[in-house]
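Each structure below is given as structure tokens.
Shared between the two complexes below is subunit A, which has subunit B as its partner in the first and subunit C in the second.
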Partner chain A sequence: MVTRAPAKTFETVVIGEMLGPHAIVITREQARNYALACGMSTPRFMSDEDARREEGLPAMLTPGNMTLGILAKLVTDWLGSGSGQLARIGTTFRSFVHPGVELTLHGFVTHTDQAARSADLDVWMENEDGERLVVGTATVAFGPAE
Partner chain B sequence: MGTILDLHSHSESSEDSRAPVEAYLNWIRLRRDERPVDGIVLTEHRKFDRDADYRELEDRFGLVVMRASEVETDYGHMLVFGVNGELLHRFDFANVHLNAQELIDAAAQSGAVVVPCHPGRPTIGLWEHYRHREPLRNVVAVEVLNGGSRKGEELQSRELAETHGYRMVGGSDSHLVSLIGLCATRFEADIRTMEELVRELRDGRYDAIDFRPGRRSPQRSHTASDV
Partner chain C sequence: MSSDEYDSFESGRFEPQEGRQAESGSEQAPERFDPSLLGKLFDLTEPVTVTAQMIRDYCAAIGEDNPAYNEPSPDDQLLTAPPSFAVLLKRSEKIYRCMPRYDEAFAAGQDLEYLAPIREGDRITLASSMRETYEKTGRSGKMSFVVLRSTLTNQRGETVAHIDHRFVYRS
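Let's look at the complex of A and B:
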């Protein structure tokens, strides 16, 4: 298990601060179960064989929303259980994410806004070759100063 | 002295980037030790920000910020340096089917230069087009290092450059703040203006330079549910 960080406060956020890297493997079962829970029973999310036979893909895929959710969790784990909240996250899906391969999650704090008490972050998921498969940005907002 | 420039980047002016120029420059300042670039060129997708003015940011951060474009042609994506009124009048940069040879020739005649980017990339790279069509004339350089490259693309780009005698440049193709400056071009000359950049790309001495770090050893966990 990745240990949750202590609750992050706006005052302790530093531009350049790194999130991760964390290595993960999304299993085929996890990807399939996620798709089924979302009502997406298309072949590409069911098995390698279904993806190849029915859709001509090299292997089954991880649902895009699942990878987005994993990157969102990278941010919320970093925030901890304080006043900081994930206000926005947006991702670009640049390449297929196949389950069963080692992936690494990365993030950086890139900007802070003193007046809004918010911070912007880059986040991405890359494979073992360092190819960034899913990239995005997020904004976290903190409550009023105590 | 020389100059190191990231020749390929996208700010929030491009529809697929949310990176403010100020954040790019601040990041370069923070990471100067590992990415010692002297400036960046903003190559927004299918447009040219004629009226953008970054002089205050240049002064504040001590870095060069230039404006160029990344356009889409019948031979793939290309960077246009030295965009001018003549080019903007003749070509609709939003057109995703620009004639590459006409663009290269018109650029050369009007004081600009065109550099095909990520040429080893499937579909949108020069290499794939060269497999089926005549090579373009008057290409001076191609981008052999691109921060967004996938496995094998840069090898393909280098082979193409060597085969055709093109010179080589690098750029991060950054759409995220933290990726700016990871690939760049090192010029022997001092460059502060777009006119100087165009001149050096045509006739100067330069090479592509890679600042991407070796892969870190990440903390290991085992499944997605552990993250």
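Let's look at the complex of A and C:
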């Protein structure tokens, strides 16, 4: 659970500012429910046994778009309830994310654009060994100055 | 999807969009993907009506507890979905019929461009096209990628999101 952050304003965004780390564990039930909500009932998302037996995988997987959603939440939590909006997020799924393992979410501000009043961030999800399983970039936009 | 629908695709009744060639720097499309499909607009889905329950279920699934997405707006008593809700909406299955061995593909990545809020009661239509195919050689050998683009439009004709889905096949 993330503590609700105060509303972020463009003026308070600093290059190098860190998001997280936030520790999370995606449960098998969460991953399965997400997959079913997406209409993805393939064995890899249903159970460890299904993933092993039907697809030869070591264990069931977390849907990739679910990891995008979790990293998007990292950014929107950081933005808080101000004018800042997530405009874009792109993720690369570098390795399988198996439910039940301890993960941490990270991010930092890489660039700000005064004219556009926007900021770019790197975001990633890593395992206990520090391996970055999902990496991505995001852009947030703050709208016109008041 | 009914066989009639598939047959109508096969016969070319679906109107092609303006074609988009593979991005510069990409290698030539692998033979297993029909290059003529690049940029072609596959069918539109039937509009999906976004319900409050769908938004609540999505928030529960990703642990979203932000009041902005869990509490109705004081103005109209409707919920607003988190931005990433857009990737939940189901794409047309039709496009996957053109992806060989879809069951053997893995999601390689996803890009979401979020242009306007998706709110309770919205009716969202998805249009999907095959945007790009390319190959890369990595540690585990040659891999083939296919990028599908879905454009989400609401009932007012506003584009609310573009989503690029990258899938990988290991050769």
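Couple of notes before you dig in:
Please note the rule applied: the second predicted complex is superposed on the first by the 146 of 146 C-alpha atoms of A that agree within 3 Å, B and C clash if a C-alpha of one lies under 4 Å from a C-alpha of the other, contacts with A are read in each partner's own complex, and residues count from 1 in each chain.
We take it that a contact is a pair of C-beta atoms (placed from the backbone, for glycine too) under 8 Å apart; a residue touches a chain by one contact, two chains touch by 3 or more.
Fair warning: this is a prediction, and the values are worked out from it, not measured in the lab.
Contacts of A:27 after superposition on the shared chain: subunit B is touched, whereas subunit C is not.
Shared-chain residue A:95: touches subunit B; no touch with subunit C.
In the superposed model, A:72 lies in contact with subunit C only, and not with subunit B.
In the superposition on chain A, A:38 makes contact with subunit C only, not with subunit B.
Once the two complexes are overlaid on the shared chain, A:81 sits against subunit C while remaining clear of subunit B. Residue contacts after overlaying the shared chain place A:6 against neither subunit B nor subunit C.
Of the two partner chains, subunit B is the only one touched by A:131; subunit C is not. In the superposed model, A:104 makes contact with subunit B only, not with subunit C.
Of the two partner chains placed by the overlay, neither subunit B nor subunit C lies in contact with A:143. Shared interface residues of subunit A, touching subunit B in one complex and subunit C in the other, are 1-2, 24, 30, 66, 70, 73, 77, 90, 92. Residues 54, 57-58, 60-68, 82-85, 87-88, 90, 103, 106-114, 164, 166 of subunit C touch subunit A in their complex. By the touch criterion stated above, subunit A contacts subunit C in their complex at residues 1-2, 4, 24, 30, 33-34, 37-39, 42, 63-66, 68-70, 72-73, 76-77, 81, 85-93, 136. Subunit B contributes residues 16, 18-20, 23, 26-27, 30-31, 148, 150-151, 175-179, 212, 215-216, 218-227 to its touches with subunit A in the complex. Contact residues on subunit A toward subunit B in their complex (touch as defined above): 1-2, 15-16, 20-27, 30, 66, 70, 73-74, 77, 90, 92, 94-95, 104-105, 108, 110-111, 120, 122, 124, 129-132, 135, 137.
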